[in-house]
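Some structures are shown below for you to check.
Both complexes shown next keep subunit A, but they swap its partner, so subunit B is in the first and subunit C is in the second.
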Partner chain A sequence: MSSIGTGYDQSTTTFSPDGRVFQVEYAMKAVDNSSTAIGIRCKDGIAMAVDKPVISKMLVEGSNRRILNVDKHSGMCVSGLQADARQIVNHARDEAASYLDFNGGPIPGSVLCDRVAGLMHAYTLYWYVRPFGASVLIANYAEDSPELYAVEPSGLSYRYLATAIGKGKNAAKSALEKLDLSTLSCREAVMECAKILYMGHDPSKDKPIELELSWVCDETNRMHQLVPPQLKIEAEEAAKAARAAMDE
Partner chain B sequence: MDFDRSRFVDRELLDPARVMEGAHGGYGRSHGGIHVENGTDNSLDFLKNPVDLGTSIMAVAFKGGVILGADSRTSTGVYIANRVSDKVTSVDEKIYVCRSGSAADTQAISDYVTYYLDMHRTQYGKPPKVQTAASYFRELCYHNKNNLTAGIIVAGWDAAKGGQVFSIPVGGALLERPYAIGGSGSTYIYGFCDAYFKPGMTREQCEEFVAKALSHAMARDGSSGGVIRMAIIDENGVERKFIPGNKLPYGPL
Partner chain C sequence: MAARSGGAQRTVHPMVTGGSVCAIKYADGVLVAADTLAAYGSLARFESVPRMKAVGMAHDVLLAAGGDISDYQQMLKFIEAAAVEEYAINDGASMSASAMHHWLTRLMYNRRSKMDPLWNSIVVCGHRDGKAYLGTTDLYGTMYEDNFIATGLGAHMAIPLMRKTWKEGMTEEEARALLVECMRVLFYRDTRASSMITIGKACAEGSSVGEPFQLDTYWEHELFVKGGGHRGDGSW
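Moving on to the complex of A and B:
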């Protein structure tokens, strides 16, 4: 990064001589410093999970949600600056609602992803705004098959079978590659998500974490929602057991 | 060439303003065709009326497709502006509409929807759903209800739900129906349709149902008539059909 310190990293409206926009790369760093989020697409739906550091013992459980509903059939899992992410989610909700109102049917995943990506890209183009310091996973299962997308601060978007963003994304991605996604059910995917997140968490070293798990699948009637408490407990127990087995 | 003023055709040529006057005094006189008092001639006033689709239209969904049908009369007041008009209009490859009300309004709305559906197709890369087309019509009809006279039946085929019929009456409601009738002529055939519509009819049965219902509507309704035009839409595409005015299946069943 020879251009750093030469002033080319101060604004999104100036390219560095080697054709980079440093502010966007810094925004991606904000995501890489944040908690890990995972999404898995199965035949019958999509599971998403994110870990949140428990910053205080006095914090009410379930606050500062990182998985949010966008529409009945679609949800978002965010990593990065939460305040930034909330703006993205709000925008996505507006897009989903207006699409439904105008077209008389639920927004397709590809369209929702395009609209969100368009917003995030717009925030890399003007001097008076900064890029969003957050990446989002979009889970959508409406009239088409289940779809999982990831959108980066640069405005790039990808459709994935499974992916991870945030601090532990590399370890999580290599764990995801070992899964057989053609046979995995959504219920199993929820368990895997929890397992992978706990794998990247060292209880002796790291701060305690709280999991958020969501799914949108045939079992939920294609509605995006947090997994039922019972399933969450099961998943966390299994994940902790797997983690303990790894340590031995 | 000899002209005979007792013949309608000749009156139309010689004196278009008085075509409706028979040899014994007809429409023009009884309606005060010529106002001597103020010296104005009102006999052509009906031409100032908006071009109206006083109409009989209907659409029926059957297994795997849908049939739309309409009469062909377009009137300007009492004057038939077009006796062979086509009120079954395409807005997309497999989505058609039956138009009733103001010809100008419904044409303009259909043009807008055609444009929106084209945009939809290019943006999302697949054919739009019938529900989507109906939703666009509703959007336009509802939000501009004070300036429009439009009763529209949207029908078509899409891969998601097959043949579908949506009715958008004046005011801009959106109703999905197994079949829909509309236009001034429809008031005469509610009983007919109640009695003879059966769910699960085949394509042939539906064709017959539409032809008979429209024939009866056209026979009773003064502002419906001419020929029957139909469009039959299914997975494979659209087939247009035509029943000439002297072959209408009107009469006892």
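Moving on to the complex of A and C:
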């Protein structure tokens, strides 16, 4: 990101001479400044997690959700500008509902991802709109396999075994690469998600955080939901212990 | 076929229809009975069509319907879409039987006001916070709650039986026996009824629909067996 826009960074409808669309890159910057979000796909489901900075002690616990249900079998974890992300989630809900209405079955991950990516791409094409300042992870367990997708502000989308977006994505990704995803269960993946997020958080330096953890797996009857309170406590305790062990 | 003339065309006759629904409150909740026939006019076209379902996000509301089966199926889709919306909002709230009944009544009334009704009589049952709920709505959007309800021909033939037999705090066995008796009378007298019955239950444990079963019937009355031929005039 060393080059400067030099006049080519004000609009998404003009390429720079070296073939870039700066507004889209700036939108991705908005994501890189935001909470880290992680997704892991296992054989029996998908686990997602995100850390939220606690912006005020007066804030009610569980406010400003960053993991949201799209359909019964499908959820999203978002990073970036929350207001932008909410529009993406609302759109995804509409797509899932209309797919169900029209086809009589749950929307497949590939279709949902395509529709969301299409929306986000469309917002990079016209002078009168700006790109979404948010990336999303999509966890979808329809048909026979759980699938994890990530969609960027550019409209690019990929299917992943595990990925991370947001501030700590590089550290998180290298931690994810060390996991054996072929044997990991979804319950274990939830624990790993919490560990990775706590690794990237220094309580003496960083603002306090609140975790959100969700899963959609065989254990939840293929329903996407926040993990039960008991599991969340267990995951956070294990994560704090692992972090403490690292520091010594 | 004559060319269609001016204006929007609407369905003005139900095509594939279900018959009566009977429901009563009992000590622990509500029981509902309906047969499984979907008739095409007077033809017994589909013999095992379920006409009741546990619906809503918590699956604790029991919806049973008579009238046009495709309209009923459409209604189930609306309800499922609303349930998914509730699931997405994820604030722990879900529509109660009472809320759903009022909402469906709005739906029915809106549709009849567009001169395009959902051609059904519906019965909505539920049990929440220790209280049973039983209500009905017809294709005009007329709604009421009661301790016992019968739709279709049942409103004429089952209601008198219920008035006679129903009492506060019936046991499940007593309530089942009363419903079976109502359905049997309907089967004998209603030409669009079948003897294959399902009974659904809404109680503190939630809502469920039982397996279909055959009604016991008796056809061995002397004149039925002998026929009217002995009179010489073919009369009974």
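Keep this in mind: the second predicted complex is superposed on the first by the 244 of 248 C-alpha atoms of A that agree within 3 Å, B and C clash if a C-alpha of one lies under 4 Å from a C-alpha of the other, contacts with A are read in each partner's own complex, and residues count from 1 in each chain.
To be clear about the criterion, a contact is a pair of C-beta atoms (placed from the backbone, for glycine too) under 8 Å apart; a residue touches a chain by one contact, two chains touch by 3 or more.
Remember, predicted model here, so these are calculated numbers, not experimental data.
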Task: First (subunit B), second (subunit C), both or neither touched by A:His91 - done: neither
Open item on the list: According to the stated criteria, A:Val111 is in contact with first (subunit B), second (subunit C), both, or neither; which is it?
Closed with: first
TODO: Name the contact category of A:Arg20: first (subunit B only), second (subunit C only), both, or neither.
DONE: neither
Open item on the list: Quick one: is A:Asn69 in contact with subunit B, with subunit C, with both, or with neither? Answer first, second, both or neither.
Closed with: second
Task: Which of subunit B and subunit C A:Phe102 touches, first, second, both or neither - done: first
TODO: Identify which of subunit B and subunit C touches the larger number of residues of subunit A.
DONE: C
Task: Sites on subunit A touched by subunit C in the complex - done: 68-72, 93, 96-97, 100-101, 225-226
Task: Interfacial residue positions of subunit B with respect to subunit A in the complex - done: 120, 123-124, 129, 131-132, 134-136, 138-139, 160, 174
- [ ] Going by the contact rule at the top, pick out the subunit A residues touching subunit B in the complex.
- [x] 102-105, 108, 110-111, 143
TODO: Using the touch definition up top, name the residues of subunit C that touch subunit A in the complex.
DONE: 77, 80-81, 84-85, 87-88, 90
